[in-house]
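In the two complexes that follow, chain A is the common piece, with chain B as its partner first and chain C second.
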Partner chain A sequence: MRIFKDAGHLFRLAGLFAAGTLLFLVIRSFIVPRSFGQYGHYRGAAIAEIAAHPIHFAGHQTCETCHSDIAQTKSGGKHAQVNCEACHGPQAKHADDPSIDPGKPDTAVLCVRCHAASAARPNDFPQVDAEQHAGGVPCQTCHQPHSPAIGAGGAK
Partner chain B sequence: MTITRRQLLILLPAAAVAWESVLAGTPETSPNYTMTDHWWSMLIDIPKCIGCGNCVRACQAENDVPDGFFRTWVERYHVDDWHLANPQVISPDGGKEGFPVAKEDEGKYFFVPKLCNQCADSPCTQVCPVGATFIAPDGVVLVDQKYCLGCAYCVQACPYGCRYVHPQKKVADKCTLCYHRITKGLTTACCEACPTGARQLADLKNPNDPIHAFLKTHSVQVLKPQMATGAKVFYNALDGSVR
Partner chain C sequence: MPGVEGFMYPNEVSLYWSVLIVLYPFITGLVAGAFILASLARIFRVEAVKPTYRLALLTALAFLMVAPLPLQLHLGHPERSYEMYLTPHRSSAMAMFGFVYLWYLMAVLVVEIWLDFRADIVALSQSTTGWRRWLYKAMTLGSDNVSPRALAIDERVGWLVTLIGVPSAFLLHGYVGFIFGSIKANPWWSSPLMPVVFIFSAMVSGIAAVMLLYMATTRLRRKPIDMRCVDTIAMYLFYIFIIDFSLEMLDLIHRIYEADESFRSLDFMVHTRLYFSQIVLQILVGTLTPLVLLFLAQVMKLHEVVRKRIYAVAGSLALVGIFAMRWNVVIGGQLFSKSFLGYTTYKMALATREGLLVAIALTILPLFILAVLVRILPPWPEAEHASIPEAV
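This part shows the complex of A and B:
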């Protein structure tokens, strides 16, 4: 073939280029994580890894499977919409192993966090000046936290 | 067995292609959860927020957020009469332990909980040079911390200041909308801990989600709509002074 006469150097160059491309593909297959590009320009496996993180808050449905009596008390009161772990803190460990002490929330800190009177809070939200209202008497002397209206659920 | 140079040249690319498909493996599947069936968002009902800081503490406990850094935080606005352009905003320690008592005066006060807006056209994912942050098929913006270089481009790109570089891991960190919870059918830690229901996780793809009825009957806004980020955290009764 006359056309390929004196073209040997071009073939060698093409061969070198092909070998380079091949090397690139092989190295790339090792470097790029296997799930990269599965859903988009990212490592698809990362989604499952993030979803596998452990939970700390068990969720009120879990609490209520054992503490149905408290759920019952709560359901009729002002705190019906307040989930258990809003006051009791994360309890997934206690839910997995009930022998783990869930601890007792400190009402002296908790109650005023929401109910201390402040002009910044919505007007229709129940708030008190704790000092004026109770004069140092603990909240739960009169208010049962699970159903706080006086007389509802009774003082504890 | 001997292989000629010609045979080797034919075999090598074939082997490379085969190796690629082996590495790709089978896609991981999460039981009972189909990503494409969801499009997650959150509803923040400003008039319901009492500034207790429960969400901030819950988020830090759930996600091991280091002290001084926040995936969610609460800001307290004080707007004096008509001075909408100059609100006084405080957020002591992210509002984690609540706020100082405010005295009644001419102005108005309100709380604004903030978190990642889970933007559908998120600036943070666009600037990532390595594909370490991305929008998952269910609309949650996530960070692949094994892939992140810690260059912090995304921290600068986020118009809402929702990202930070983790002081120990040295990689970008942000709200995952409690991805490890919502994929198990639980709500986020902040929503679980909110005593007034001011925060509600919502699935826009679920026609039975109460958010649809809420959006129909309320004046709802997203933060910085002019930035066209496609933010999916919706604020009810958001004041014009909020940035």
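This part shows the complex of A and C:
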């Protein structure tokens, strides 16, 4: 068969491509985790691995079992819907062992994260130019963070 | 806020897609355009452009090898990029581009170059010594059959590969346009004309780049420039440039007439922040000037030296214009707010992972790769099949 002789190099090229594809498929079968695609376009086993991570956030219900007085103050104020750890940070370790100091947030840094004036925020959302509004005085001097409205039972 | 005018949503202030994303469509465009020029010689039998056929193929390969680098630098973790082949995400247009790229590289360009250079590779594997001999031996795949019948088979298969390659080149660059054109949340990008405009602008940039490279390399090799060849390339460049410009104007007229809710905002942007890059660089310097120059070369009987200079200037300006077009698409699409009430500024970094220096390095890198490729596989017309041994 002369055609096979004169097209031999093309068969070699096709063989090389086939070998390359086969090698790719073999490597792929080893590299791609078994659980990939189990639930979606990700590694199914990742769910169990992530679930096994240590918990950092205790959840506001846990906080309120000990700090019911704060929960009471908060429930009547504007921050009623703000979770404890949104400001205080993850406190699972403190919840497990109350002797671990949870630390006190710096209100001069913390409050402006939400309340610095920005055109992107809704008009009715309380927002200030901190320098002009407080002149460097920490927010908690006038506002009780757990119920911040002055004259609404939340003032210090 | 510095650089911000009017109202911007917070996540719109800084741009996500940098100059590297400008470079990416520019480079893939050069690949597609260079291949289309090569196909003129092979499929459409335009004999005059034959001297650039092999150079065009190697240029396409050199640029294609660099094409993923801007994306990998932009995304970070290039060591993970192969994973898109392992676990293909069929609903992601960007992820599927990996397969378009692979198809074009392996099934089209490499095969076509191998088939076209095979006779030379066999000859070089017999005439060279040392590591070069081993390199060429490996490239022959152990077959030194360059009999007229074997070469005739190569010619026929090569023709078929080019035939598949033309729509593949359209697919490669049309896909880049599609990725922008299909983003319906962005009125600057969202247009069904986008893939078509990208394809024609790619043809302009690729043809201009190969024309310039042919003229430069011929001059460097102290050989006479085949004027019939460059005249023909310039003619095709002129025609395709007209189609490209007409399509862009069609898109513009459509936007002006449609005048949807984004129009006033985008119109303001074109007259302010994009004025230099769009009106001056893209349209006046990068499109109308080369079009006028190419037109003059078509209708006037100019001396050879003048024509060469006109082609060099027009080709360079066309490349500037197409780069500006990519810039205006990518950067322009991120400068305005979705609220249509504000604009931000793109400040290019200098020596960062996505800065100016990296962009310059990535633009030059294909030329170095091309220099290596032409040493391994000389594409020059006089070397073509010059050292083929007698039929085995």
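Things to note:
Note that the second predicted complex is superposed on the first by the 101 of 156 C-alpha atoms of A that agree within 3 Å, B and C clash if a C-alpha of one lies under 4 Å from a C-alpha of the other, contacts with A are read in each partner's own complex, and residues count from 1 in each chain.
Following the convention adopted for this analysis, a contact is a pair of C-beta atoms (placed from the backbone, for glycine too) under 8 Å apart; a residue touches a chain by one contact, two chains touch by 3 or more.
Note that the structure is predicted; figures quoted are calculated from it, not measured.
Look at A:Thr141: by the touch rule set out above, it reaches neither chain B nor chain C. When the shared chain is aligned, chain C comes close enough to touch A:Leu16, but chain B does not. Of the two partner chains placed by superposition, A:Gln72 touches none, neither chain B nor chain C. Applying the stated contact rule after C-alpha superposition, one finds that A:Phe36 touches each of chain B and chain C. By the touch criterion defined above, A:Ser118 reaches both chain B and chain C. In the superposed pair of complexes, A:His60 makes contact with chain B only, with no contact to chain C. Touch criterion met: A:Ala7 reaches chain C, while chain B stays clear of it. Counting contacts as defined above, chain A residues 36, 41, 118-120 meet chain B in one complex and chain C in the other. Remark: chain C residues 7-10, 85-87, 89, 106, 111, 114, 118, 140-143, 145, 147, 149-150, 153-154, 157 touch chain A in the complex.
For chain A in complex with chain C, the residues that touch the partner chain are 2-3, 5-10, 12-13, 16-17, 24, 28, 31-32, 36-37, 41, 118-120.
Taken in their complex, chain A has these residues touching chain B: 18, 22, 25-26, 29, 33-36, 38-57, 59-60, 79, 81-83, 85-87, 89-90, 113-114, 116-122, 125. Chain B contributes residues 9, 12-13, 16, 19-20, 23-25, 27-28, 30, 33, 35, 47-54, 58, 61-63, 76, 78, 97-99, 101-105, 109-111, 131-137, 142, 144, 146-147, 176, 179-181, 183-184, 186-187, 189, 192-197 to its touches with chain A in the complex.
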